[in-house]
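Here come two complexes built around subunit A, the first alongside subunit B, the second alongside subunit C.
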Partner chain A sequence: MAKWFARKPSAAPGPRPDLEARAKLRIGIPKLLNVWTTHQFWLGFFGALGVPNNRVVFSGDTSEEQAREFGRGRGTVDCCYPVKCGAGHYGELVFGQKRKIDILFSPMIYSLSSFLQGHVADSLACPRVMAGPENIKAGFLKERDVFAENGIRYVSPLVSLAEPAIVPKQLYEALKDVIPGLSYKETRAAVDEGYRTLKGFNTEMRARSREILEWCARENRPCVMVLARPYHMDAGIGHEIEVDLQAYGYPILWMQYFPIDDDLMQWIFGPDMAAGHIKSPFDIDDVWPSSYSANTNEILWGAKVAARVPWITCAIRLTSYECGMDQPTFTPVQQIIERSHTLFFSFQELDSTKPAGSVKIRVETISFYMQQSSERIIEQKQAVTPPGCPLLPQAESKLATAKAELAASA
Partner chain B sequence: MAVATDHHYRAYTPAPLTKSDIDEVEILFGGLHWRAERLLQAVFENLGYNARPLPVATKDDLLTGRELADIGQCCPTSFTTGNLANFLRSESERIGAEQVKDRYVYVTAGSCGACRFGQYHQSYELALKNIGMEQFRMFLIDQGQPDQGATAGGGLNINMPLTLGTVWALLAADVVQGLEYRTRPYEVNAGQTDEVVRQCVDELYEVFRNRPAKGEKWGSIVWHLSTNYFVKALREVFRKFEAIEVDRLQPKPVVKITGEFYLQTVEGDPNYNIHRWLEAEGAEVYPAPIAVWLDYLIRFQVQSLEDYVGVDKGARAKVAALKSVQKVFGWTYNRMRAAFGNIPHEMPDQYELRRLAAPYFHHKLSGGEGDMLVGKALWTHLNKKAHMICELSPYSCMPNTMSIGAMAGVIGQYPDLLYAPIEVKGDAEVHALSRCQMILTEAKKRAIQDYVAAMETTGLSPETAKELLAERPEMRRASYRVPHRGAAATAANLLYDLADMTAERNAA
Partner chain C sequence: MNIVGMDVGSTTVKAVAVDDKGEVVWRDYQRHNTKQAEKVHEFLLRMEAECGLTRERDLIFFTGSGAGLTAPMVGAKTIQEVVAVAAAVEKFHPEVHFVSEIGGEDMKTIFFVDSGSGKAKQVYMQSACSGGTGTFIEKTARKLQIPADQLAIMPYEGMSLHKVSSKCGIFAEADSNSLLKSGVPVEEIIASLFEAVVYQNLATLTKGNTPAPQVLLLGGPNMFFKGLQEAWRHHLKNVWADRGIELPEGADVADMILVPDEALYYAALGCVEIGKGEADGVGVYLGPDRVKWWVDEGQHLEKAKEGGKALVNGTGDLESFASAYAAPKSCNGVAEGRKIDGPVYIGCDFGSTTAKAVVLSPDREMLYTAYVQSKGNPIEDAKALFRDIRAGGVKHVAGLALTGYGKDLLQDIIGADLGVVETVAHARSAMEIFPDADVICDVGGTDVKIMILRQGTVADFRLNSQCSSGNGAFLQGVAERYDVKLEEYAEKAFEAKAMPSLAMGCGVFLQSDIVNQQRKGWSAEEIMASLAAVLPLNVWIYAGQLQNLRSVGRRFVLQGGTHRNMAVVKAQVDFIKNKVPDAEIVIHPHSGEAGAIGAALCAMEAADGVAPSGFRGFDVIEHLNYRSTTSEDTICKWCPVNCKRAFIDVELEGAKGRSWSKIPLEEGWERVISGNSCPKGLVEDVNEMKAVKAEMEEQRRVYPNIGEMVREKAFRRAWAPT
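Now for the complex of A and B:
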C-alpha cells in the first residue's frame, strides 16, 4: 500500500544541489556505439547539472593499440567489433587517464530520438548495441570489481531516448546517489537541456550538409552519400574509408546529418507521396515495413534519398563483421540505390584491422567510376526529378512550380 | 505532369487473400516442435481453414537458405527460409508453380524488434524472388496483438478464437512435452513413451479440432477461461501414461535447455537433435516450454508500462490489469499441469527471473529471450532444478551473444554452475556436441553425487529401494510424480520420497 500512495518523483521536494562538489567530478564516457550520435545530449545534460564540459572525458577513437593496452583479457564474447572494442574504451577510461575519473558513465541506449520517429514503427537500438555495456562490464567484474579497485563508480542506466517522458526517471534513478544533491526536478530540466543541445548540434550539421549539396547542385558536381551506422564515424571502426574517397575531391555526406528542411523533403519525396507510395517524406514503409530499428530505418531512408538526389552519384555502404541488423538490409539497400542508376559500393565485414591495400584499390575503383559516370548519372536522375530544386538559385519560384504540378497530378 | 516513380524499388506486398480464396488455400506454418504444430493445425482446421505444418527443417534447408538469401544470416533464418523454399520447390515440381502460388500461403510470426527476428520476412521474400515465386503470398502475425483482424483481402482473420486456440494449444503441447521428457529416460520398455505420446497428441488434435465456437471475442474469452473442456481431455490422455513402467532409480544428469527460441523449441537438424542426443548420452532433458516465452512477452509489456508509473496517471492501473492477465495465464498453465499430475515442470516466476538476472543483465534489454537466459540459468542452478544448462545459441545471434557475454560475470560469482553455451551453425555438429559432452561428463558426476548423498541421508541402498518400489507398483508408473526434495537428480529425489513414505508407514 505504501507503494501505491507514494509520492511521484516529480512531487518530491528534493535535496539542494551541491554545485561545488559537482564541479569537481570527472565523468568518463566510452566513445562507442550510439554515443556517436548522442554525445551532445550527454554534454548538455551533465552541463546543466553543473559538471563542466571539460570534466566530461570521452575515450579516444577505437584502435588496435587501445584494445591491446587497455582491453586485453577482458573480452567476454565473440561478436561484432563495434561492441567488442568496448573493453578497450572502458580500460582506457579506467587505467589510461592522467587524472582519474570518478564516474564511468556508459548508457545502455535502448532507443534513439531519430528524426524518423512518428513515421516509423519504432526507434530501437540494435540488441547488441543496447546490451553492449552489460557485456563489457562483465569483463571488468568477472574476477574482481576493477571499477571499485580504481575508486570509480560505474553507472550504466538504460535510457529510452525515443521516449522523452521517461528519460528523467531513468537518469534520476541511476544518478541520484552519484551526483551530489540531485533532485528529480533538476534531472528533468537537465534532460530537456540535453535534447536541446542535441537538436542544436544536429541542426548545425544538417545546415552544413545543405551547403555542400547546394554547392554540388550549383556546380553540377557529384558527391558521395555514406550509409552506415553512427559508430562507423569512428576512425577505428569505419577505417576512414570515406576520408580516402574525399581525398579524390568528392564531397561526403553522412545520411545521419542529411538536411531535412521541408522544401527539400517535398522536392525529393513529393512525387512518391503524390503517387500514394508514402504518407510523408520520412515514411519508409514502401521499402522497409519492419521499421523498428532506428539506425536501420535511417540507412533505408538515406538510401531512398541517395536514389532521388541527382548529385549523389554514389552511395557507399559500411557494415561491420557479423552485423545482424545490417544483414537483412543488404539487398533492399542495394536495390534502392541501383534502380536509380546511382553507383553503389559496399564495404562489408569491417573488423579491427584496416584492410588498407584492398580499401585503396576499391577507393580508386570508386573514384574511376564516379569520374566516368557521374555526369551521365546526374542527367539520368535529373530527368526523373521534379523541377524547382530548392538547392538551386531561384529555388523559391521553382518550388512553387513543382508544388503546382504535383497538385495538378494528384 | 506527374513525375515517374515506378522505377524505384518497393518492398514485397502480398496479393490479397480473399474469403473466396480461403477454401482453396492451405495455410503453411512451422518453427515449433511437432506436438505444438499438430495441435495448431487442429486450431486452424477448427476455424475452417486448411492448414499444414512444414516438414522439420533439415541440413539441406540450411544450405538452401544460405544460398537464396543475403549472407551473414543467423542459422534459424537460414533453416526456416530454406525450409519454405524447398517445400515450395518440391511442390512446384509436383503440381506446377502456378498451382503452388494459388494453393498455399505461408503464415509466420512477426515482431517489432529488437533483433532481426522481426526482419526474417525479408529473407523469405528474397528467397521467394530467387526461386521465381514472387507472387507467393506470405502473411505476418504480430505476436503482440491477439486480435488483429483480417489480413489483406479478408481471407484470414487473426481474431480471438484463433489466438486463444493457439495459446491453449501451445500450453497443452508444453505439458505433453514436459511429461514425455520426464518419462522417456526412465522407461523400461524402449519406445513405449513415444508411442503413447503419439496417441495423446492424436487425441488432443481431435479435441482442438472439435472445439466449440463461442463467439468472436468476449464469448470466446469467457469460455476458454471457464471451461473444463481441455483439462478434461488432458486428464483422459494422462491415463495412457499409467501404462508406462519406469525405472527412476537411475542417477541421470538433468540438463536444462535454454537459448534462442527456435533452437530451444524445435527438435531436429536445426539444433543437432540435441534433445534426443542428450537422452542417448544418458541425460534427462528439461525442455524449454513455449509457455515461458509467452509469459515473458507479457512481462515485457508490464515492464514497458512500469516505466510510466509516476509519469503517466493511468500507468499503475494498466500494470495491475496486465499483471492480472499474466496471473490468469499462469493459472491456465497450472490447470493443465495439474491434469498431468503436476509432473511437467512448473513455469518459473518471471519477476524472480528478473530479480536474479538484474546484477548482470538489465530487464529492459530486448531481443531474443532478453534477461531470461541469465535468469533461467541462475534459477535452475540455485533451485537445483538441473545439473547443467545447455544454452543453444545460433551463430551470430545478436541478443544471445550478449547474454552469453554477461554470463561471464555470473560464472565468476557462481563457478560451480555448469554452463554449456553451444554455438549452433547448423553444420558443425561434432564440434558443438563434443563441447556439450565435456560439461555433461561433469553433470553425470554430480548426478551420482546427488544419488550417493541421498543414499547416505536416507540409509537406503539401491537394492532396498528396489524392494520398496516393488511393494508400490504405482511408483513405477510414469503417472507417479516424484516430488522435488532438493536434489536435481530424479533418482535422488525418489530415494528421499521412498524414505519419507517408509518413515510414515513405520510411524503408522
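Now for the complex of A and C:
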C-alpha cells in the first residue's frame, strides 16, 4: 500500500516491468532465405515492441566454416542449399553467441509484400523456402531439444506478409507467451511500424540505384543488373560473384531495388502500355502468365527492365543447385534479355563451395565482352527507346524547350 | 539342415554355413578378381564336400551387389545387403548404435535409434562414386607400390596429414603423386587417404544423425587397415566430445568402437538370421549345376547377345566418317610455302605444362607455330618461346596477346598488348573456323571444358576438374595397359565388330567394369571401342550435366588433346547426331593451338593500325635480368599443402616494386611467382592480400553495388528518415 502513495503523480501510466524485461531480451534471427528481403520489417517490428535494435541479432553470412563449426551433423536432407545451410545459422545463434539469445525467431514467410503485388496473380514465397525452418529445426530436435538445453525459446510463426491485415494475428499468437505483457493492439502497431521501416529502407535503396543509373546515363557508362533471389545477396549463397565483376569497374544493380518512380516507369514501359501489351509498368502478364511466386515474378520483371534500359548492358542470373522455382524461368529470362542485344550470363547450380576457378574465368570472360560490346549495346538499345529519358538531367529541359518552340511556331 | 549365407561383393565372395544348432560349420572369404560366378561355384562345391551342403534339403540365401545374377541359379533368395547386415548387428550387438560398412566399391552407414517398441533403423548407402570406398585407398596404394600386408599396418595417428581429394579416386591418386614428388613420405600420404575416407563417410552418410556409441566397423577396409580404424577413433572421439556424449564410467573411446573378428561375414551371417524366419520352401538349395553352366557357356552367350553394335557399322560408315572428319594434326614450324615478312600478330598460350605461340599474317594465315615444354620458370619459358619465334624469321610484331595460366604474370614483362581469358581465346578461334558455332567441347587429359556460345559470346562455361569421369586420362591408362600406343588407339578400336556396353560414371569403377568385360571374353580392341563409346556420355551428361544437348545448339566444335583420337571423335559424332540429328560437327584443325590462335586474332582485332605494339622486343626478352628466390619466406601459407614457391624478380622499367613484402623489392623490379599448385599461391602473403584489398575497396567506392549496401545496412538498425 505504501508504495502506491509514494508514487509521483508524473509517473501516471505506471512502471512497466514488462517493457523493462523486453528491453533486456535478446532475439536471434537466422539471416537466411526471405529474411534477406524482410530484414527491416523485423527490426522495425521488434523495435516498436521495445526490443532495441542492438539486441536483435542476425546470424552471419553463410559459409562453409559456419556449417562446419555450428551446423555439422545437423544438416537435413534437402538439395536446396539456401535451406540446407540453415543448420549453420541456427547453430551459430545457439552456440556461437558471446551473449546468449533468449529467443530464436525464424519466420516461415508464406507470402511477401512485393512491389508487384496487385499487378500479379499472387506474391507467395517458394513453399520449400517457406517451410525451410521446419526442416532445419529438425536437426536440433531430433535427438535432444538443443534449444531448451540452451535456454532458448524457438519461435517460428507462419507469416503472410502480402496480407497485412492478418499479420498482427499471426505474430501475436506466436509471440504472446515469449514477449512479456504483449497485447494484440501493440502487435498491430508494431506490424505497421515494420512495414513502414521496410518501405523506407527499400525506397532509400531504390534512390541509390537511381543515382547509379543517372551516373551511367550521364557518363554513358555500362552497368550490370543481377537477377536472383534475395538470398543470393548472402556472400555464401551467391558467392559474391557480382563483387568480382564490380572489381572490373562496373556498378551493380539488383533487380529487387530497381527504382520504380513514375517518370522512369513511364519512360521504360510507356510504349508497351500504349501498345496494349501490359496494363501497368508492373504487369508481367505479357511474359509470365503464371505469376504466383513473389521472387520469380520480380526476376521476370527485372529481365524486362534490364532489356529496356540502355546502360544495363549485361544481366547476370544467379540460381542455386536444382532450384525448381527457377528452372521454368531460365529460357524466358534469357530470351527477354538477349532479344534486346543485352549480354546475358547465368551462374546456375550454385552450391556450398564457390567454384572459384571457374567463376574467375567466367567473370574475366564477362568483363571482356562488356568492355568489347557495351558501347555498341548502349547505342543499339538507345535507338529503340523513347526520347526524354528521365535519367538524363537535360532531357527534361530539352523537352521543355522543344515544346516551347513548338508552341511558339504554332 | 544347414543354412548358407553367401555375400557376393564387388571384389570378394564371403560365405558361412550354419547347422541346426546355430554353429558356424564352414566359412571362407576370398577375392574373386572379377570372376564372381566362378568363385561362387567353387565355394558351393567346397561346402558340399566339406560340410555336407545338400541340394533339396538345405537353405541358401544370397546378398551383395553380385547376388542378382547367381542367386536364382542355385535357388537362393536374395536379401538386400543393408537389411542383412542390420539383422546380424541386431543379433550380435544389441548395444550398437552406429555401423559403418565400407566395401570395395560402396559404403553404407546404419543408425540404430532406440524407440519405444525396439530399435528404429536409418540406412544410408553410396555406390555411385569411388570417394570413401576401399578402392579409393587401394588404387593409390597400388600406384605407390605398397604391398597389401604393409598397407594393413600403416598408421594414421601421429602422421602429418596432407590435402588429398576425398571425392574422386583418380584425383586422389594424382594428388598423391604430386605429394610424393614434393617429397612427402609414403606413410603420410596413406594416412591422408585414411583421413579422406573417414571424412567422406561422415560428410555424406550421416545426414543429421550422431554416430553414437557403440560403433561397429565392418567390411574389408575397416577390418584390414589399422590406420583406418585409428582415423575413425580420432574422428568419433571429436564428434562425441562436440556433442557432449558421455561414455560409460571408465570406458575409453577405443572400447566403444568395435571391429569384430567376423567383420567380413556380417552380411552373410545376417542372411542366415533372416533365412531362419523365412517360410518353408523359400531358398531351397538346387545345387551348383546352373552356375557351372553359366561359367562355361552362359556368360559367353551373353556376350554374343550384347554385342550387336560396334563403333563402326560396316565399311561404308567408316569411309563416310573418315572423309568427313580428317584427323586433326598439330604442326610446328613454318607452315609450308609461306614466307614471314612484314608485320605479324602473335598469340601465346602459357599453360601449366607447355607454352605455345602462333604467328598470323595480317590476312589471318598461320605462318609459324612454336612450342616449348614448361620448365617451371615462366621467364625462362618465355625466353625459350620467343627465341623460337625469332628463329622462325619473325621480325616485325604488330600485335601480341597472351592467354592461359601465365597471361597475368607475363603480360607486363613481355609487353603484350592484351591478356585474353582462355574462354574468349577458344571461342574466338572456334568462330574463325566455324562462325556460327554454338558449343565448344574441349576434352583434355585431366579436365573437360564445355563452352556454350550465344550472341558471339561465351554465355556458359562448364569446367569439370573435380571428377575424372570423361577426361582423356583413363583412355590413356587403358591403352597403356593393353600396350597400345595412343596413336594406334583409333585403328584398333575401329577393328572391333562388336563391343560391350560400359556404364557411364565414375572412372575408377569403369576400370573394374572393364576387367569384368574382359573376363566375359571381350578383346582389347572391343573394349577400347566401348571405352571410346562411353566417353561422350561421360563428357556431356555425367561431367557436363547437359541432359538436353539440343538446348545448347546444333553447331559443335570438338577440340583438346583427346579429340586427336579418332575413335573418340567417331563416338562423339554418333552420340551428338543421335541427340541432335541436324548437328554440324567440326574438329578444330589446330586443336592444341586453339588458345594461341584465338589470342592472336584478338590481338589483331584490338590493334588499330596506328598505335605500335607494346611488345618489348626480342632482345629485351632475351636479356631479361632476373633473380630467383626460394626460402622459408617464399613458402605458400594459404593452405596446408605449403607449396615451395619461387619468387622470380625481373628488372623492368617502370615497375612498382613491393616495399611491403617480406622479401622487399625495389622500384624498377617486377615479381613473378612460380611453383604454386593453385591460383591462390599467386598472391604472395597477407601483406599482398592487404594491398590488393585496398585497391579493391577503392574500386568498390567508385563503382557501387546495391547488394553490398544491403549486406552492410539492412541488418544493423531500423531505417529512419534522415
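Heads up, the rule we're going with is that the second predicted complex is superposed on the first by the 378 of 410 C-alpha atoms of A that agree within 3 Å, B and C clash if a C-alpha of one lies under 4 Å from a C-alpha of the other, contacts with A are read in each partner's own complex, and residues count from 1 in each chain.
Operating definition for what follows: contacts are C-beta pairs under 8 Å (C-beta built on N, C-alpha and C of every residue); 3 or more make two chains touch, one makes a residue touch a chain.
None of these values were measured; they are calculated from a predicted model.
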Could you look at A:105 and tell me whether it touches subunit B, subunit C, both or neither (first, second, both, neither)?
neither
For A:249, select first, second, both or neither according to whether it touches subunit B, subunit C, the two together, or no partner.
second
Go through the superposed model and pick first if A:77 touches only subunit B, second if only subunit C, both, or neither.
both
Could you tell me if A:31 is touching subunit B, subunit C, both of them or neither one (first, second, both, neither)?
second
On the A-aligned overlay, A:139 touches which partner chain: subunit B = first, subunit C = second, or both, or neither?
both
Identify the partner contact of A:197: answer first if only subunit B is touched, second if only subunit C is, both if each is, neither if none is.
second
Applying the touch criterion given at the start, work out whether A:385 contacts subunit B, subunit C, both or neither, answering first, second, both or neither.
first
Would you sort A:121 into first (subunit B), second (subunit C), both or neither based on which partner it touches?
first
Subunit B/subunit C common contact set on subunit A
76-77, 138-139, 142-143
Hey, which residues of subunit C end up touching subunit A in the complex?
202, 206-210, 239, 242-243, 420-424, 454-455, 457-463, 465, 545, 679, 696, 699-700, 702-711, 713-721
Going by the contact rule set out above, which residues of subunit B touch subunit A in the complex?
1-5, 7-11, 70-74, 110, 112-116, 118-123, 126, 307-308, 310-312, 316, 360-362, 364-368, 396-399, 401-409, 411-412
Note: in the complex, subunit A contacts subunit C through residues 31, 36, 39-40, 43-44, 47, 53-54, 58, 61, 72-77, 87, 138-139, 142-143, 197-198, 200-201, 204-205, 208-209, 212, 226, 233, 235, 238, 242-243, 246-247, 249-254, 257, 338, 341, 343-346, 349, 355-358, 360-362, 364-365, 368-369, 373
Residues of subunit A touching subunit B in the complex
4, 8-10, 76-79, 83, 108, 110, 121-122, 124-128, 130-132, 134-139, 141-143, 158, 160, 163, 165-166, 169-170, 270-272, 274-275, 277, 285-290, 292-293, 304, 307-308, 322-332, 335-336, 339-340, 384-386, 405-406, 409
